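One structure below.
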Amino acid sequence: MPEPSQLGDLAMLIAKNGKQFIIRLDPDLQLQTHRGVLQHEHLIGLPWGTTVASHIDHEFLMLQPTLRDILLHTKRQSQIIYPKEIGYILLRLSIGPGVQVVEAGTGSGALTTALAWAVGPQGMVYSYDRRGDMLQLAGRNLERVGLRERVELKQLDIEAGFTEQGIGSLFLDLPHAHRYLRQTREAMADGGILGVILPTANQVSRFLSELEGKLFALPEVCEIMLRFYKPNPQRLRPTDRMVAHTGYLVFARAVRG
Amino acid sequence: MPEPSQLGDLAMLIAKNGKQFIIRLDPDLQLQTHRGVLQHEHLIGLPWGTTVASHIDHEFLMLQPTLRDILLHTKRQSQIIYPKEIGYILLRLSIGPGVQVVEAGTGSGALTTALAWAVGPQGMVYSYDRRGDMLQLAGRNLERVGLRERVELKQLDIEAGFTEQGIGSLFLDLPHAHRYLRQTREAMADGGILGVILPTANQVSRFLSELEGKLFALPEVCEIMLRFYKPNPQRLRPTDRMVAHTGYLVFARAVRG
Amino acid sequence: MPEPSQLGDLAMLIAKNGKQFIIRLDPDLQLQTHRGVLQHEHLIGLPWGTTVASHIDHEFLMLQPTLRDILLHTKRQSQIIYPKEIGYILLRLSIGPGVQVVEAGTGSGALTTALAWAVGPQGMVYSYDRRGDMLQLAGRNLERVGLRERVELKQLDIEAGFTEQGIGSLFLDLPHAHRYLRQTREAMADGGILGVILPTANQVSRFLSELEGKLFALPEVCEIMLRFYKPNPQRLRPTDRMVAHTGYLVFARAVRG
Amino acid sequence: MPEPSQLGDLAMLIAKNGKQFIIRLDPDLQLQTHRGVLQHEHLIGLPWGTTVASHIDHEFLMLQPTLRDILLHTKRQSQIIYPKEIGYILLRLSIGPGVQVVEAGTGSGALTTALAWAVGPQGMVYSYDRRGDMLQLAGRNLERVGLRERVELKQLDIEAGFTEQGIGSLFLDLPHAHRYLRQTREAMADGGILGVILPTANQVSRFLSELEGKLFALPEVCEIMLRFYKPNPQRLRPTDRMVAHTGYLVFARAVRG
């Protein structure tokens, strides 16, 4: 017996040409697209995986968005971290149910969303950004997918240090991350894990230099490449083009002197 | 005030040459290495991130293992899926706290471990394998890291179908995954997500062929490459060699006719 | 004493925005661009590496095109093989001064151009295509860069076999290359080298299957990825996107039974 | 009528396990391997592509080595540039029959060999190295493959400048290549092409910095990845491991002020 969609659920509508829309089901709303209008009230109560038609008879497939879909639909005013990196970051920082994690800066909130998803209702994400506009955008993005209450958004400059202490997992996505290593180490638990994403090789060099002598050990630098294939069984081949770079990832463990 | 290690905690000991050991702290045990012996009772109560010495004065760094560390230390009798793939699989299958997920086959249990970690105490992993010896190995691997109770290991041939129904997330790691698509679809909820890892391009073609006409949509094929760098700030460069391939990943959504 | 450009030389003009034009210097002609007109007669006799101005004062850098530049400017009606593959193909097929090489099909003539360049005035390229329009296009492309006389263009279906015999280096760029292995082997010298480019994994499998039992040995399959970096010394990083795939390369040696 | 091997030819003998030997055929010599002895005089006059047996009946396939084979068999005392890079370097530097090219340093002479091959008997390679032992090794490597007379080996420090002038193609493979840009530019023709291989990202940054303001334009930075596949038609898949890095390539054009 299939479980149908319900009022308040997140739903993803996918047109034949692949165009996707993520909405929260609300009987008073309608989804307007170039391929016609869909009334939410006609969608509520339908089984997931159903194909529905717009008022001008274009077909849309209705699915629950996965975490990946949600991340790719993050409304952004800044470069976001991609799912290929986020999956690995979650593993490397040991993010799981009940974990408390700190990140700076928040940006558009894509990684924040994934962290909030993974820590669950018992966990907590503390996310810092100096810019109020970014925090508002991230707040709306989190609100939209129902994860706002797992995140404490803090408009603070980490130059002055983090408010938390004894943090086991901390992630930096900042242009000058190497400047805040003292504050970062002070906020971290002994043995904690630090992660950072840096777009340029020069930043990686500078960050590694600053790590030395600051009670961090086991530095690891890597990059992740994701290549898609055209899913044609008779003509299997990679797509023509791919993302060549989003950033270098650096990880290190906080140690005692 | 640093939180010290406790009896029963998982601990990772890392020698100067990078060799790693993961143990569960138990005052009656000792860790024997080529670089000397460490008594667990001397480790219990120390802050994480402390450097300790073996009886012949070799130094070891003591840390809590991350999920990545645990996965790489999975005792194996079969090829395991690597962290670079596992991170992305968790995102794509929307695995998070409280989720119920099915996998077949269990193998050595590396992915099983990650799934159990991510679903948390409120979730459940149902893992199928025909081979009792693999299930025993996976069971010991899960036991060792304290995740055994979140996994139901089932010695069943999925040829006869899955016992579960309405499953939202299902992963296949089987040589002939394409043969079980009927049983797989029957176990899945409408709108559910299917993932599979396949070592060869021929298997991907066959799998995609079989997907057609079986109430699956939005097939996606990809591969993930992870390249490490030597973490030397003055001489930043990739390592000389890297893993070229573990497997192709295929994902699809279960839809209604 | 710098050697100046001469009448009849190939010249590349590069605008500030990176747009490139390759011309053959002829005092009766002019180059018309969106950034103004350049009279060839003003270019002839200038040293290479000089910056010149159009009639509306836009600057262009004048250089001799390299083989890479020429290949990328091949006028095309079909997918061309890229320099990243061509460089490796030349090495693998041992193309050098004086070599005789056969290719099928000609297509737009990009590989043909590189082969003609590399074999020099003492070598010869025999290039087959069933389509007269492609041969005409390739002919014009070769003419334009002064390599036409090193290539014999043949409008023949290789189904009926090649006219040459005892060929040491032979390259196939055909949709159904696996169908012509008998004819290919018959044209090749014992010990000769065969290369082929195939867009899909299915084609590679089929080609490898057909190679078996046909007096070929040492099959090698590979793909080449080229990633560019933004050449900013303070912000060194890969470009955002890259070519993910042009084709799989397969090589094999002709052997005796 | 197959052309047989002749006295003085280079021959490659390949054992069943893939082990390769490159020799110059000489009736007075024998090839000694762990799989038995082969008398050259029994090889001379056989058609290429023939399978021969050692005195203890192990089989070897006899082929003419391709340029790739020769490069991979370069006897080395230093890191060599790989065929994947060399193919692209030849294209980018427009190396072809009759070209005069300069390189520094010579090292073990792998790139020198490829340059000498590609310029043909009408071209010339000028190769600089400070170390006499490297030049001797490179000289023997070139001698062994019959290309010695196309190369002028020069034991000079390029700190003092190159002896040549008006060079159109120049390649640097030196630890501190950025220090010699003045000397390099002085040796180059206006419009000439410079190439360099650099192992680390820091070196690339430094090199790009030094290029600025030194009459070079159009800098290009790239890296080339080559991935092999297991050539099994029923189980097509990449090899397990691959080379992750040999070096970054940088190219630029010499321009006038």
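Note that the chains are named A, B, C and D in the order they appear, and that numbering of residues resets to 1 at the start of each chain.
Convention: a residue touches a chain if its C-beta (ideal position, glycine included) is under 8 Å from a C-beta of that chain, and two chains touch if they have at least 3 such contacts.
Computed from a prediction, not measured in an experiment: that's the story for all the values here.
Listed by label, the chains touching chain C and chain D alike are A, B.
When the interfaces B-C and B-D are ranked by C-beta pairs in contact, the top one is B-D. In this assembly, the C-alpha centroid of chain B lies 46 Å from the C-alpha centroid of chain C.
Rounded to whole angstrom, the centroid-to-centroid distance between chain B and chain D, based on C-alpha atoms, equals 43 Å. In chain D, the positions touching at least two other chains are 201-202, 204-205, 227-228, 234, 236. Chain contacts in this assembly form a complete graph, since each chain touches every other chain.
Residue ranges of chain A in contact with chain C, taken from their complex: 199-202, 227-228, 234-245. By the touch criterion stated above, chain B contacts chain A in their complex at residues 1-3, 14, 47-51, 61-64, 66-68, 71, 83-84, 86-94, 96-98, 114, 117-122, 166, 189-193, 201, 204-209, 212, 215, 217-234, 236, 248, 250, 253-256.
If you check the complex, the residues on chain C that touch chain B are 201-202, 204-205.
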